[in-house]
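So the structure is just underneath, and the comments pick up after that.
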Amino acid sequence: MKTILNDFEHFAPKTVEEALDLLSRYGEEECKIVAGGQSLLILMKQRLVTPKYLIDIKGISALDYITFDEQQGLKIGALTTHRAIEKSPVIEKYYPVLAEMEQNVSSVETRNWGTIGGNISHGDPSGDPAPVFIALNGRLRIAGLNGERTVEAEDFTLGYFETVLGHDELLTEIQVPALPPHTGVKYTKFSQLQGDYATASVAVSITLEAKKKTCSDVRIALGAVAPAPMRAKKAEEILRGEKISDDLLARAGQAASEEASPTTDAEVSEEYKRELVKVLVKRVAKEAFERAKKA
Amino acid sequence: MSEYSVIGKPIKNVDGVAKVTGEAVYAFDMTLPNMLYGKLLRSPHPHAKIISIDTTEAQKLPGVKAIITGKDTPGGKWGLWRRYPELCDQTALATEKVRYIGEPVAAVAATSIDIAERALDLIQVEYEPLPAVFDPLEAIKDDAPLVHEDFENNINATRHIEWGNVDEAFKAADYIREDRFTLSSQHHAPMEVHNALASYDKGTGRLTVWASTQSPYFLQLGLADALKMREGDIRVIKPHVGGGFGGKNSTMPESVNAALLSKKTGRPVKIVYNREEEFIATEHRTAMNLAIKIGLKKDGTILAKEVKIITDGGAYTGLGATTLYLAGTFITFPYKTPNYRYDGFRTYTNTMWSSSMRGFGAVSTVYAAETQLDRAAHDLGIDPLEIRRRNAMTPGYEAPGQYKVESCGILECIDKMKERVKEKWPKLEKDEGIGFATFAYMSGGIFNWIDTPYAFSGAMVKVNIDGTVDLFTQASDIGQGSNTVAAMICAEVLGIDVEDIRLHLGDTAITLTDLGAWGSRETLMNGNAIKAAAEEVKKKLISVARMKLGENIVYDLVVKNKRIYLELRPERGFSYYDIVRDAIKENDGEPLIGIGHYTPHNKGMISPAYGMGIQAVRAKVDRETGHIELRDVIVVHDCGQTINPLGARGQVEGSTQMGLGFGLCEEILMDNGLIINPSFVDYKLIRFRDMPPIELIDVPTYDPEGPFGAKEAAEATASPGAAALANAVYHAVGAEFDTNVLRPEKVLKAIREKEKKDRAGK
Amino acid sequence: MKKELKFKVNGEDYDLWVEPKTLLVQVLRDELGLKGTKWACDSGACCACTVMVDGRAVKSCSILALQVNGKEVMTVEGLANGPELHPLQQAFIDNWAFQCGFCTSGQLMAAKALLDENPDPTIDEIKIAMDGHLCRCTGYNMISEAIQDAAKRLQAQKQQEGGK
Amino acid sequence: MANYRCPCCRKITSDTMDLARHFLGQTDRKHKDWLKTKGLSYAQLIRWQGTEFGNKGYKALAELLEKEAPRVE
Amino acid sequence: MKIDGTFNLKGSPQKIWDTLLQPGTLASCVPGAEKIEATDDKTYDCLVKQSVGPISVKLKFTVKITEMDPPKYVKAVGNGEALGKLGTFSMVLGVTLNEEPGGNVKVDYTTDVNIVGKLATFGERIMHAKAESVSRTFGSNLQKTLQSLNA
């Protein structure tokens, strides 16, 4: 760890186009994008990342917005801060799970400066927003010099800190469809101390059919237990089309725990992470179910 | 005791305004004109021969003003155990070989931190890695690599205590149990990192150092030994210090190398560690292997205890040898132990060395002793509070040849706790438990390992013509609030306000020697020195007043509320201010000065007085994940006469946080001698949301040795947290632990084991 | 290559030229001499360096100085009104909400941002807002109490002003 | 009363347990080498004394010294 | 840091053994390998690039085979550095081939990596996981190579 950052040239584009243009000019190795910089600046101090050119997009105000309508659903500009999401009345009303999630992302200080797009683009497998957007069936809009594309939230992260973003691309927007009726969503992250990085995290969205008895649709997303946030599709299959019961939820937890592919690290073993997934999926799905019943 | 006008009152921190306005200056904030920035190149190997160091390229970097390696140092060795020169094993820069990852091998001074850091990258060091040893039990083997060639089997220090007849007592016991523990290290993690600014004056050959230190005097001695200079030619100044907790007692390479670089360049040099350096290359709590055997009567009375400790000392001595001594003592507290045997060994290993940390010696041993006691109580069918009560020390209790406990409120503490818990937590939720642990600690140490001929504490009081007071003290306020306590004691004696006192602090050139802030010594030891100094002045004032009154000598005079008057006829007296003026004028203008000092005498081997008490932790365990939720804490303590209840509460809260951290989450993770979590991201500290509320109940006693009856407060309270937490988990779900950091995975495993045992039992 | 940085600190306008690699905390401490803002972890994990930017608490060690171009920064030095302490500062003193004081500036700025947004926070809200702040000395409870105390003082102050 | 002298230095005690305590407190070559010639390892004794209950290290050494240490009047 | 793992391959132990020890195979199967050259029959010079998101590291190292029991067991020792002053490292690698019924060979590997310097302290979590994913990819690459040889 060094005290002082290495020298770099600093660009502060005012538009997405400008930023993309700058990106195209410099090679992947020597050029990095910084938004809030809450992760990147630390890597730079450690000299693990030493860009010659830093494209500082924090000032692109056009990417700072939250909009919602019933048809289009929710749209969040990539440079919206975590704090803005946490405090947004629209999100509070239609997607309270997002506000809940945000409240446990690092510290208020980080949330005040760090951006949602920066967080997702960083591709940290233990990041909080990604599993929630996956559970919410979110899509990510990506801008490139040759036009735009959209990918499913679940396909965005490829592995440890690796995403589908090409070097000359920029994540610009997160889109979340309006929730179907009778849908409950819950996110829980497990860490020994509150506000810490997740040891394991689970987001579940459950939609009940009109009579609120049977689960018509379900999405289960896991964080921190694989190289990238992932869907627990086998666990989903166990619940989909079924009447939710404690026993069924436990089975879903078991399935998810088998689907996950955690690794042992200095703090926790693979077995323990699997155990956590088992317990968390059961509990979180139950809460999502309770919420769906009330929705 | 209620007649005090300052003592026992909630007095606001005398440094408060400076600290809330950002004006308080820490060594970290200091710069001097023309100052250079120093950085240390550190060894990446745990144990390696240094073949060569090539600084040519680094020298060429513009802005680099000096580079030194081991051969450029005067070669002085130093340490805190100066009584035993062979334990003075530290060096400024490694020369022949490196002994831990992070040991400095070269130092650079440059015109900016940036250049200094770049210069480090240009220094080429060739190492020949040597086999290294990290485990203390491996280190003592005959074929283990030697960390210091002169210390065979890597044994750095030993300590043996025995009293009574242990073997006979075990034979007489109804119940015996043995438990083994591996107790981990813990980092002090002070908010202000180690840093020092050194300025050498070529003209006079004198050196001034501003440093983040707990003991300016220790630093002065360390620098003198390291630089082979006279003590008197070194002036150490301690500005505000951003926390120490035992980690800033030793003279560390940053101050020595800043001084060497300043000497070489003729310019002031400042070295500031970054947080990673703070984690890998500053001292930490002593990890240990501990075996404890206890023999009890059926009714829970302790008959005998036998304790074995092998500590992981790391590469150098620091205060780790003291830790070994204190561990052997405090594992008996606060219980009557008629028969006791202790064998302690401190080993050298190829890791950053371990040393003193808040409650050193006690924190780890309390964990072992108090969790064991709960298991014994459970087996014997005795209530955990009752077994503690039955064995509690009483005033005047003596351990033969070791210590004598004068004031002792532990029984009252236990009784108060019992009452309060019943009232506060009448019913527990499922999987919720309450755990208790007692604690005790010294009020300053007696053993003179530093080998100083000076008094342990000294203070000087100068009263000005207008009645204001300049108090000169080397007592080190490192956050614990000793400045406020110092001013309060002085104000109480002279009958004036805290605001009338100006403090002159922590400067070895202008304050009388004090050994510094460790082992909870400032209130009792420095407090006694200040009290004596102020009383000397008071005596002078009284004699002047007496003469003016012309009263017979049998009438006692009181100095209080800025007046000096006859105790029995308060209306007869004078204003304090008038007497001060008269005293100075009548004595031919001689300034009104009092000097006081304190050194404990005839107080045994350990300490003049002991603070103590009991803590309760209420916690809830998640049986499926092993997660522990800290819910509530009660601390009942006896710190003698509390000097400042506000400050004492702050200290109790803070030390409880540290003790709970030791039990819950703080863990230094190591891989082949490398600390792999050297940051606040990966080294887990309790923060706001996980900190439970604490209720503090004071059991006042009066210790004859302490100033106004005061003794240790809130170092002892660092010890019980981990034990009380483990006991709470034990009572909630039956899980037992032989290590201290109760991370969820460990808890879950223990729960499963317990369930398995229960099933097998059925 | 240095770039121009125009911003406001504690109400005063500054126009500086800084290296792009300079962090906000370095400008504040080294260029402007505002050493009340501390720096303690190098990894964005302790919040000792917290200042307010446009009214929000942020970590000055994790922000490039150039990123606050055109913005308004407030540091602990800007909290008191001349010799008169801000109620938060007074409450911190009265409640012994600091010991070594090294994390205090950051705590105060975060507390200020909190009370500006939420004048009457519950203990839980305080804990959430302050959770990023490490304090090795106090055990946090007395800081929470001080913030609640300050909230009361500020409300009383407001009422008094309103009454006038 | 017979006293025991340390086989490696001039220490004299009346009790072999005390002599064992003395012996184990010495870290010089001489004492260790003597132990080796008697088939005992210093490290092993320390290990016993530092991890096992009942003065196991001292007792083993005292037993040996009882046999081997020169007596003095 | 110890990393152990197992993967299964189709083929005979001897064939796998022969393939495994060809520098060409290693170069094509080790993810990110830019150069692997045999300097003698037991020593290989390697240059491997690894990246974790924004971080990329070039590792330059030499691997020496220290024990061999064809076609069952091989032990190698590696030493090298991460370019850019990020640190040096050494590793001990052991690979055991076990023939299993059905023409399968179970490959067990154990590595003990000792990293010295900056790289080591960077998120042990990530390093560990990355190493596992690299070995997994190596296994599947090797499988592909074997298949192509069969074909």
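Letters are used for the chains, namely A, B, C, D and E, taken in the order the chains are written, and counting of residues starts over at 1 for each.
The criterion applied here is as follows: contacts are C-beta pairs under 8 Å (C-beta built on N, C-alpha and C of every residue); 3 or more make two chains touch, one makes a residue touch a chain.
Keep in mind the model is a prediction, meaning the values are calculated, not measured.
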Labels of chains that are neighbours to chain B and to chain D: none
Third chains touching both chain E and chain B: A
Pair of chains joined by more contacts [C-beta pairs], A-B or A-C: A-C
Centre distance in Å when chain A and chain B are each reduced to the mean of their C-alpha atoms: 44
Distance from the mean Cα position of chain E to that of chain D, given in whole angstrom: 53
Distance from the mean Cα position of chain E to that of chain A, given in whole angstrom: 33
Touching two or more other chains - residues of chain C: 42-44, 128, 130-133
In chain B, residues with contacts to at least two other chains: 274-276, 669, 671, 676-679, 681, 687, 689
Multi-partner residues of chain D (at least 2 other chains): none
Touching pairs - complete list by chain label: A-B, A-C, A-E, B-C, B-D, B-E
Chain E to chain A touching residues, read off their complex: 52-56, 84-86, 118-119, 121-122, 124-126, 128-130, 132-133
Chain A to chain E touching residues, read off their complex: 1, 29, 32, 40, 43, 46-50, 122-123, 159-162, 227, 263-267
Chain A residues within the chain C interface of the complex: 1, 3-10, 12, 34, 37-38, 41-42, 45, 54, 56, 58-59, 83, 103, 106-110, 112-113, 194-195
Of all residues in chain C, those that touch chain A in their complex: 1, 3, 19-21, 23, 42-44, 47, 50, 53, 56-59, 62-64, 66-67, 69, 110, 113-114, 128-133
Footprint of chain B on chain A - complex, ascending: 1-4, 190, 192-197, 199, 266-269, 272, 275-276, 279
